[in-house]
Amino acid sequence: MPGVPPARFAYLGPEGTFTETALRSLPAAARAELVSCNTVSAALDAVRTGEADAAVVPMENSIEGSVTVTLDELASGDPLVITREVTVPVRFVLLGRPATDVRSVRVVVTHPHAAAQCRNWLAAHLPHAQVVHASSTAQAAALVSEPSSSYDAAIAAPIAADRYHLSTFATDIGDNPDAVTRFVLVSRPAPPPAPTGADKTSLVAFIGDDHPGALLEVLEEFSVRGVNLIRIESRPTGAALGRYRFSIDAEGHIADRRVGEALMGLRRVCADVRFLGSYPRSDEVPAKIRPGTADGDFRAAADWLARLRQGG
Amino acid sequence: MPGVPPARFAYLGPEGTFTETALRSLPAAARAELVSCNTVSAALDAVRTGEADAAVVPMENSIEGSVTVTLDELASGDPLVITREVTVPVRFVLLGRPATDVRSVRVVVTHPHAAAQCRNWLAAHLPHAQVVHASSTAQAAALVSEPSSSYDAAIAAPIAADRYHLSTFATDIGDNPDAVTRFVLVSRPAPPPAPTGADKTSLVAFIGDDHPGALLEVLEEFSVRGVNLIRIESRPTGAALGRYRFSIDAEGHIADRRVGEALMGLRRVCADVRFLGSYPRSDEVPAKIRPGTADGDFRAAADWLARLRQGG
Amino acid sequence: MPGVPPARFAYLGPEGTFTETALRSLPAAARAELVSCNTVSAALDAVRTGEADAAVVPMENSIEGSVTVTLDELASGDPLVITREVTVPVRFVLLGRPATDVRSVRVVVTHPHAAAQCRNWLAAHLPHAQVVHASSTAQAAALVSEPSSSYDAAIAAPIAADRYHLSTFATDIGDNPDAVTRFVLVSRPAPPPAPTGADKTSLVAFIGDDHPGALLEVLEEFSVRGVNLIRIESRPTGAALGRYRFSIDAEGHIADRRVGEALMGLRRVCADVRFLGSYPRSDEVPAKIRPGTADGDFRAAADWLARLRQGG
Amino acid sequence: MPGVPPARFAYLGPEGTFTETALRSLPAAARAELVSCNTVSAALDAVRTGEADAAVVPMENSIEGSVTVTLDELASGDPLVITREVTVPVRFVLLGRPATDVRSVRVVVTHPHAAAQCRNWLAAHLPHAQVVHASSTAQAAALVSEPSSSYDAAIAAPIAADRYHLSTFATDIGDNPDAVTRFVLVSRPAPPPAPTGADKTSLVAFIGDDHPGALLEVLEEFSVRGVNLIRIESRPTGAALGRYRFSIDAEGHIADRRVGEALMGLRRVCADVRFLGSYPRSDEVPAKIRPGTADGDFRAAADWLARLRQGG
């Protein structure tokens, strides 16, 4: 995202969710117009059509796993690339109308994932409350904020309190205090941000011939060049049961020689490879470079080969 | 499932969904009591507590991918094993009250996955209809069946027509005519059904030390014994981003020597392995046995080793 | 060997052995001066010093295995490259002075390898003859050719009959009718001969860190690029028991992209790699090219990577 | 070698070589009859026929590499097993008749390997001496010991001085002070000596189908069970150029579970496997046991598998 910041950022709405929190953590967002979209598809399509310059969508939650709609939308349609990732701690709060006494809470509304992740807290503190599902934690907060609401409290992101003028009855009510969600900033194809030494490369590998050992071959293209994998996930291609494509995050940047050679190897053994971007890791963990796989090693080997080919 | 058939089968309800269709395709179900449960967890827990003898739950859809709640529930809690799989074609129908004229349909209700999978048909035949979401295709049918319903039609499984006394306005309206869902029959741990030559073994591998190459090691335990993988999927362990367990379906039966040795190898390199059963493949594809990996080859090699150890 | 043919060819002497047969099978030898050398080292050093333009030395026999002195001499000292290989059938003959009656043969002289390879014939036809060793089959023939020789017959190469004015008592007396010896033509470093589609690349890989799995890594550098190995042989480095270098012949030509990338990979994981030449295979077996590893596949992948790096 | 020691040990003669030194280093040799044989084949055949109880033959030299005749003889014919290895430092001495003045040495006789390994010392100390070859270092000493010998000095093993009543003119004249030769004690098939924790297992693997990747498969059978290789060497099968068998020394004992499973794996993927014995390493380096590959790990995995197969 060099130069002038994008004027319009789409994101998975509604307002007041963890996605908005992720988006607002980006410096460029302070000067941008933020556009809430109903679905991941809509947010990504806004970028594809040029309606937005970039989009923030959720990618993976440490408890629930990947957001498969994001994986699938990035794997098909017009190409998009990830230019940045943001990891947001998932800290749930219990919100209610200011006048409410927390002891009188009988009906709690929230998104099903949030309900699942606060199960222990609810059992301990509101054992008799009924839990009702909404389509997002922000919608839950909105429902509670209506004066005549039949819901007494919402489990939501902290950002929703201000947005919907609600009181915070309890904080950090999630059962897993280390839960996080990873979001990605997506744009139309463009040169990737410069390598930082702590980068990640995302891609989708489509196995053409589904022979036994095809996945092993894919992994060996990485391992033989010393490229470590951070995440690998199978997704159905939709063609039939048992046909998969693989969503992969690898250590390193496409500008790194070892990563470039591994990508070319993949491209040669796979039916197709979709590059989804090289970008700084949010955890800033530097790539572990196995001896013999640094850029200098690749350059030295290329020079040596060139000399040999010329008889030297 | 040898001997007397189970008296009680739990299943993911409500009545009238593809899960019930899968359950009713089992001969044993004809003589059994069928218990509808609200969630996959509830259906599996009914088996764990002994309230039910077995449960049918969805595992994987050729379009949407795995049912992660089923994967995750089987990977934790008291052990359960799969004893059978059933694959059901996903054939959506459009249902309405008998008196309704299909041309007057303005509001269609269904489960979000069904809506997604009938998008093209809806665009072509009911371009102006509004699509509203229900929690299941059966609930959608139930909502339409109420005389004063505000919904005109439901997209549901064929089984729902009879159940809810609805007329079938259109059949096979799914965009992908080959879409199927795979269901599994789950029971408390018991000796697996006898090998048929076309079997599948399911398990979960927990990678202990998350070093680069750990997944490659797991795959090699299979490949070196000639055991082909049918499905491999990463799921978060919940401990942190980047920590995964692998849900695996392999060709062959735990009684096969090559599968047994591969499982023991996995057990030695992994932090933990949970066996989820060996059972006949619903597609009846016989296992491809690489030369040198049949049971006779393993026995001959074991006899040879025993002789050598004794100086023979 | 383009252009003007070398004026001087060194070869492992003496005259009248299979090495001379190999050398004379080369068209260029017809116009060249042939220089017999006492040892493989002397023949190779003649090339290194410029005294000869090329040398022919034995590399491998299908019965006895590699000629280790040739392997070791090529692996150390000033670099040399192989530009051609010649395979010569090993057809032994029994030679004697013209006046001799074969039934009176009491003492047979030959090189120990030749004696070993004619053991069955000798047992069947000359069961009572004593076998005495000479330093080469040609020396054996020379000894027999002396009028007052105490040896009655020599086992030698057919070429020795003319050279030493001996009669051929029996032909094809080797126990293994398919035995062959492979010779190589060696020159100072120069651009390799053009690829023919049926080429071989020879090299020596020096394993630096002798960790378990080092050889596996070396093999994977080839296999991942689809380069098949024809021959691999360990030789001691001389530093200590258990320290080896590997002499390797691989399918393909250094000008092939898959071979070039494999060589660069080797160079990066090994302490050292010595290239020993790319040259036409004497058996003219074309390289088997695995899908995805032809030059066009490598070029397409490189173009694709270049586009991605530029944001395309 | 438990119980009563063998009465007769064959060895590669003549007397006074490093092989006799190796043999005499065995405690059991003190009470045994020692039988010198002319060739490695003769020494091994003496064991096969029962004429001897065991034989000592050279296997490998740190400078010259394997003794291929020993490799080949053990790989064919009636099976034999190695029960012990002995490593002997190769310390060459210069021997002459007592009355000789070392400054007058004009002709030195020795085995060609010894001459090669003392080249630097000869160049420095006897630059004008002629070097003549004998069939063994002991024969060289014997030749010098004759009063009317035309040879002035012999390069031989220290043991030859006493044997042939010669004076030692110089010691440690080898160019490589760390040179060693490894000898093996061979007997008819018998239960191997008990594991010591620092053992070695020797075998020959015959690749049946010579497809690309066959050697990689062989190596993977070891690596997947955590068995490290100490030595691997290709030898021609004699059938044709390019057909090899592999002579392998692996860490560990056939009684170790990981070694046993690797051997069975080899047996299944190879055309044939010849076991050549498990025996203590002469360097007493204990086996490195990768986590998950100790006997206890194999037993625990086997117990786990047995329980699963029974439904447990």
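Residue numbering begins at 1 within each chain, and the chains themselves are lettered A, B, C and D in the order written.
Rule of thumb we're sticking to: a contact is a pair of C-beta atoms (placed from the backbone, for glycine too) under 8 Å apart; a residue touches a chain by one contact, two chains touch by 3 or more.
Keep in mind it's a predicted model, so treat the numbers as computed, not measured.
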### Message
Quick check: how many Å separate the C-alpha centres of chain C and chain D?
### Response
27
### Centroid spacing, where centroids are CA-atom means, of chain A and chain D in whole angstrom
60
### Task
Send over the residues of chain C in touch with two or more other chains.
220
### Task
If every chain is a node and every touching pair an edge, decide which shape results: line, ring, star, complete or other.
ring
### Message
Strictly by the criterion at the top, what is the full list of touching chain pairs?
### Response
A-B, A-C, B-D, C-D
#### Entry: Contacting residues of chain C [partner chain A, same complex]
189-192, 220-221, 224-225, 254-255, 260-261, 263-265, 267-269, 275, 292-293, 297-298, 300-302, 304-305, 308-312
### Query
For chain A, which residues are in contact with chain B within the complex?
60-65, 68, 87, 176, 178, 180, 182, 212-213, 215-216, 219-220, 223, 228-236, 238-242, 244, 283, 288
